[in-house]
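Input: structures, listed below.
The same chain A turns up in both complexes below, where it pairs with chain B and then with chain C.
This part shows the complex of A and B:
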């Protein structure tokens, strides 16, 4: 495990779901329609009851802005038969397009939906943490785009100290599964999401 | 290869204002251009990003701009109609032909019908100085005049009703003052989706970090509600004034009103302070307690109307009255309704009777243009004096087409006693109002198809919009990246943004100013129109006006070209009505009484108490779940602002359609009995028409209400059923009683699943 690990911090409590990060990523990385290196999932659930003439909601609703988690135990790397996926010393998981066979094993092994298969080119692409930007001292496109200032990045342990956060919010997979390099400040309503049978409500907006 | 960051090699970066299409934001873009093509757009990168100088971060629409700018459907050549109106059969013609034809028609119509037969409709598709409809208005004013309009499709009721209470529309404290509030009620206010000022949502976030509690009232659990509010209270559309009245009842009943402030600063609260000549009339207290109508406006009364539990209404009233200073922010959705004047006045009155006016952290309510000077300077490009002086309400243009000759004071005609003609020539610049954005699309289409009514229709735009499809002459216009512009911060007036020309236009597209100038040349008005100035000269001219009026240190165009913007220097957050609060005798309001007019004698004198009461009242809407119309059409439908577009601009942007596809949002309780499932194509209809749009089943909208984001382009199939999901097919052209504004959110519809539909 590398000692230095780049990670994202995401404030779900302040995220409106405006998808500016998702689009900023698409623009900066030249992604075609249908390809999403960053995805803003709307999680919602719950219901309504009528009390006399009044309608009373009991709803959990929040957003999760998710890219590649650059996991410390990345299943995509293990699952890649061509060795196209690798973890750098700074923790960033990269994909070498020249080596990619387009077999899509990584897509199946990633529980976060990060690898994006492009039917036009027949290969997979994914978030590279805006390496080109951080190498010149700038910040990833998603981070600088957020109108709510809900995204940040840095070294994982340093981020933990600076901003805190948890590694998992419903309905993301258990943290232990892949050890994602992500810290989340949960939205208050996420505590009740599972009990309210919440689910991703906008799948069509974040996948092909 | 896609999926690789674009190389910026050989590209130049330009800082520029995001093209203004009348969203509420005014943001800064950094645009990389190579070979006359935008290859990347990001946003304000000024260091610091502090509360006093926050970055102006663009939203998804600004970031997605290159897909609009380089769209394959851009209009490239002038087009002349060859088939029946509205069928979009056109032939390419030269600019000379186009301009000669247009000039000849202007002269013919003026000669036959007079200047009042000419009209440039409302429209905000392009919005910075020499871009947009102002260029056309300037020319027609020089040409002897035309019919102008007043008010807007956005703010008709709130801009007309606010002054009936306060005598002015400058009722807002500086946004940074929200950090001094203990409680903010976001009432029908959704800054995260409409961007009600760049950074409004960020200021609310900062206020919450300091402990401000935020409650959102809206039939939709909006993006703002999720990100900004501690509590969401769903309220039935069109019933806001009922809830406000019940909150006033609780304040009155439990002694939570600010009696001293009411005594010293207000008028018409109770029988002790009625204006002269109105001593025996119904005071606000009379209305709330039901002294005259026998109907106390209790929370139990309001629960039946609003669907908000009575206990919630009472609790919110107590919270608002006892957590001073507090903000009751009135958004604009609730005033684009049948009696949209009432919730505006009722909200102002709640602020007044709880003493939240004129104090830091408080909020007077109403339209809330910013103290001290009212916010932005807007468009300073001079349209000149209109020799005709005729003005109509912006929403009543179709009345002026159908019966302009007969319009009078009661129809909102101002400046002249009679138009003397109907409107015969329409020059629509950067506007999709005529077909797409006005109410009742099928009606508008019928009117425009009749060539005996409007005899010549010119549409000047970037794309063949639904309105352009009805044109006799289509003129291809530049985008704001292809011309020079200048803008200041929408309603809140922060920061000044330069919009330099960064691209050459495609094909034969020309700027609005060029079109105006060349037409002026044919009418012998070139010198008068241009005053010898280029677009860039007019931007410099505009900067000089801004400098004279407010910002003496504003730099030159050349200096602004580097930064893209001028940040207004830090200042103390202003508080509206602070001086009035301090000494109402010495600093009276510009109302007839000098006080906050809870009872308006001006409204009383109109003599229409059922529709324009002197004190704010809940009035059942003309289409409502409580009327007989609910039998056939049981669902209320609202057309909210969404991030997929700015009004109808960007509707064809694939990157936005992907992130926010056009859907009807429906509660499972309404979808279930109709056997509608998530993703199904659904037909929505009423007596005015029908649309088909796919369904998103969501708990985030209250039962009995459906929402269809406004602005989708009208795409009628062969049966006239709109496959584009344009809610204006269903909206009503009826206008509000006092403001004569649009009431497009007041409609009832029915919904059913359909088997076939065009997928958007």
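This part shows the complex of A and C:
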């Protein structure tokens, strides 16, 4: 019997890149300037390809809405020297603000850039899956706000059965690295993204 | 160049200097070299160790919570590093007090300091060998940390007690070849724009060249000290100074790397 694990499901083929999820998260959690617990990466690449006498567009362009993946093998928990990060019985990775010393090591260990340092408070902050909302039977703010219904959440195994999806899409790190609690319905062009040398187009926006 | 991590640059370099010096002095004491034991070498080990620990606090958002950093010894390399750092500092402090208090414990304290210092450098390198940071996740990280320790520690020991010209020269030459050929050239060798949006700093090759020129200057100063014994003292200190600047540039480049999905802006 697998352990209970909350997870996000993201439909990349449906995402329009409007970033409402990003803003809803920021608004709900009252995040300071520059801090985003959820970021939308605009991945694009490719160009014109000659096909006989014709030039045709050969591109990959899609969005990825990425937050903390509440990984099953979370490197942030393993690395945290003070034990401030922990995994709950429902799989959600939480941060105890009273224990964090602001060493920022979790920022280094996380391949998704999820933990983010807040210079105002001197500690790290991260997505808590909108625990307060889940506990009263509501959905995380990012899921509720998405106008394209591209985001969903639930128990990982149940989500796999209900919606399917894969654990990794270019340019996310290999799934085996942290076993993220994330399922993605890939955009059709993502299969050729690596071959087309796609890159994050909104680099400045997602940089920290 | 990204100076944001200056506390870590100074912490790692000063601690590695102290640990390298402790290992060198211990080896020399075992070989019966005059001046390798006693209060002066102990102070030379203790001061950078204490200074490094103090500077590391500037990296923390909540420095008063620093004692909490050893609470995850079972899983965190960072906790283990701090434990060995504290062991090293305690041994170095005891070495300083050994003579005044008549403890006669130098024979035990020297290996404890040297071995805990080297163990701490190993733990330190484990902290950085992270799958999430491909530029750090290789043998180059521990190799460059130990290289810095033996270069700076060896040069410091050589300047303090003298008479180590040939062995330190060999050490410097080996480290130069390592830095030139195998290169912990963080930000240089094979680094390209990544799909995550990271773009290499165009100034890095020039900065790396300056680092190598300074390292070569350190070797030249040390070699000249070997040939001209009458000018040896200032030439040795000049060699140490050039090596310190070179290693500092290298460490700044080490920390100037992209992290995870969201590369830091410089």
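Following the convention adopted for this analysis, the second predicted complex is superposed on the first by the 196 of 208 C-alpha atoms of A that agree within 3 Å, B and C clash if a C-alpha of one lies under 4 Å from a C-alpha of the other, contacts with A are read in each partner's own complex, and residues count from 1 in each chain.
In this section, contacts are C-beta pairs under 8 Å (C-beta built on N, C-alpha and C of every residue); 3 or more make two chains touch, one makes a residue touch a chain.
The shown structure was predicted, so the numbers you read here are calculated from the model rather than taken from an experiment.
Please determine, from the superposition on chain A, whether chain B and chain C clash or fit.
The answer is fit.
Looking at the overlay, what does A:177 touch: chain B (first), chain C (second), both, or neither?
Second partner only.
Name the contact category of A:145: first (chain B only), second (chain C only), both, or neither.
first
Where does A:121 make contact in the superposed view: on chain B (first), on chain C (second), on both, or on neither?
Both chain B and chain C are touched by A:121.
What is the contact status of A:86 with respect to chain B (first) and chain C (second): first, second, both, or neither?
In the superposed model, A:86 contacts neither chain B nor chain C.
What is the contact status of A:46 with respect to chain B (first) and chain C (second): first, second, both, or neither?
Touch partner of A:46: chain B, not chain C.
Could you tell me if A:34 is touching chain B, chain C, both of them or neither one (first, second, both, neither)?
So A:34 only meets chain B here.
Would you check which partner chain A:204 touches, where first means chain B only, second means chain C only, and both and neither mean what they say?
In the superposition, A:204 touches chain B and chain C alike.
Looking at the overlay, does A:57 come into contact with chain B only (first), chain C only (second), both, or neither?
The first partner, chain B, only.
Using only CA atoms and the superposition described at the top, report the least gap between chain B and chain C in Å.
Shortest inter-chain C-alpha distance (chain B to chain C): 10 Å.
Do any residues of chain A touch both chain B and chain C, and if so, which are they?
118, 121, 204
Contact residues on chain B for chain A in the complex?
Against chain A, the touching part of chain B is residues 1-6, 40-43, 45, 49, 57-60, 63-64, 66, 192-193, 198-199, 201-202, 205, 221, 223-224, 226-228, 232, 234, 303-304, 307-310, 312, 643, 654-656, 658-661, 667-669, 679, 696, 698-700, 702-704.
For a test of understanding, state which residues of chain C touch chain A in their complex under the given definition.
59-63, 65-66, 68-72, 75-79, 82, 127-128, 130-133, 193-199, 259-265
Report the residues of chain A in contact with chain C in the complex, numbered from low to high.
Those residues of chain A that touch chain C are 39, 41, 43, 66, 75, 77-84, 99-105, 107-113, 117-119, 121-124, 170-173, 177, 193-194, 197-200, 203-204, 206-208.
Which positions of chain A touch chain B when the two form their complex?
For this pair, the touching residues of chain A are 13-20, 22-24, 26-35, 44-48, 50-57, 59, 61-63, 97, 116, 118, 120-121, 125, 130, 132-133, 141, 144-149, 187, 201-202, 204-205.
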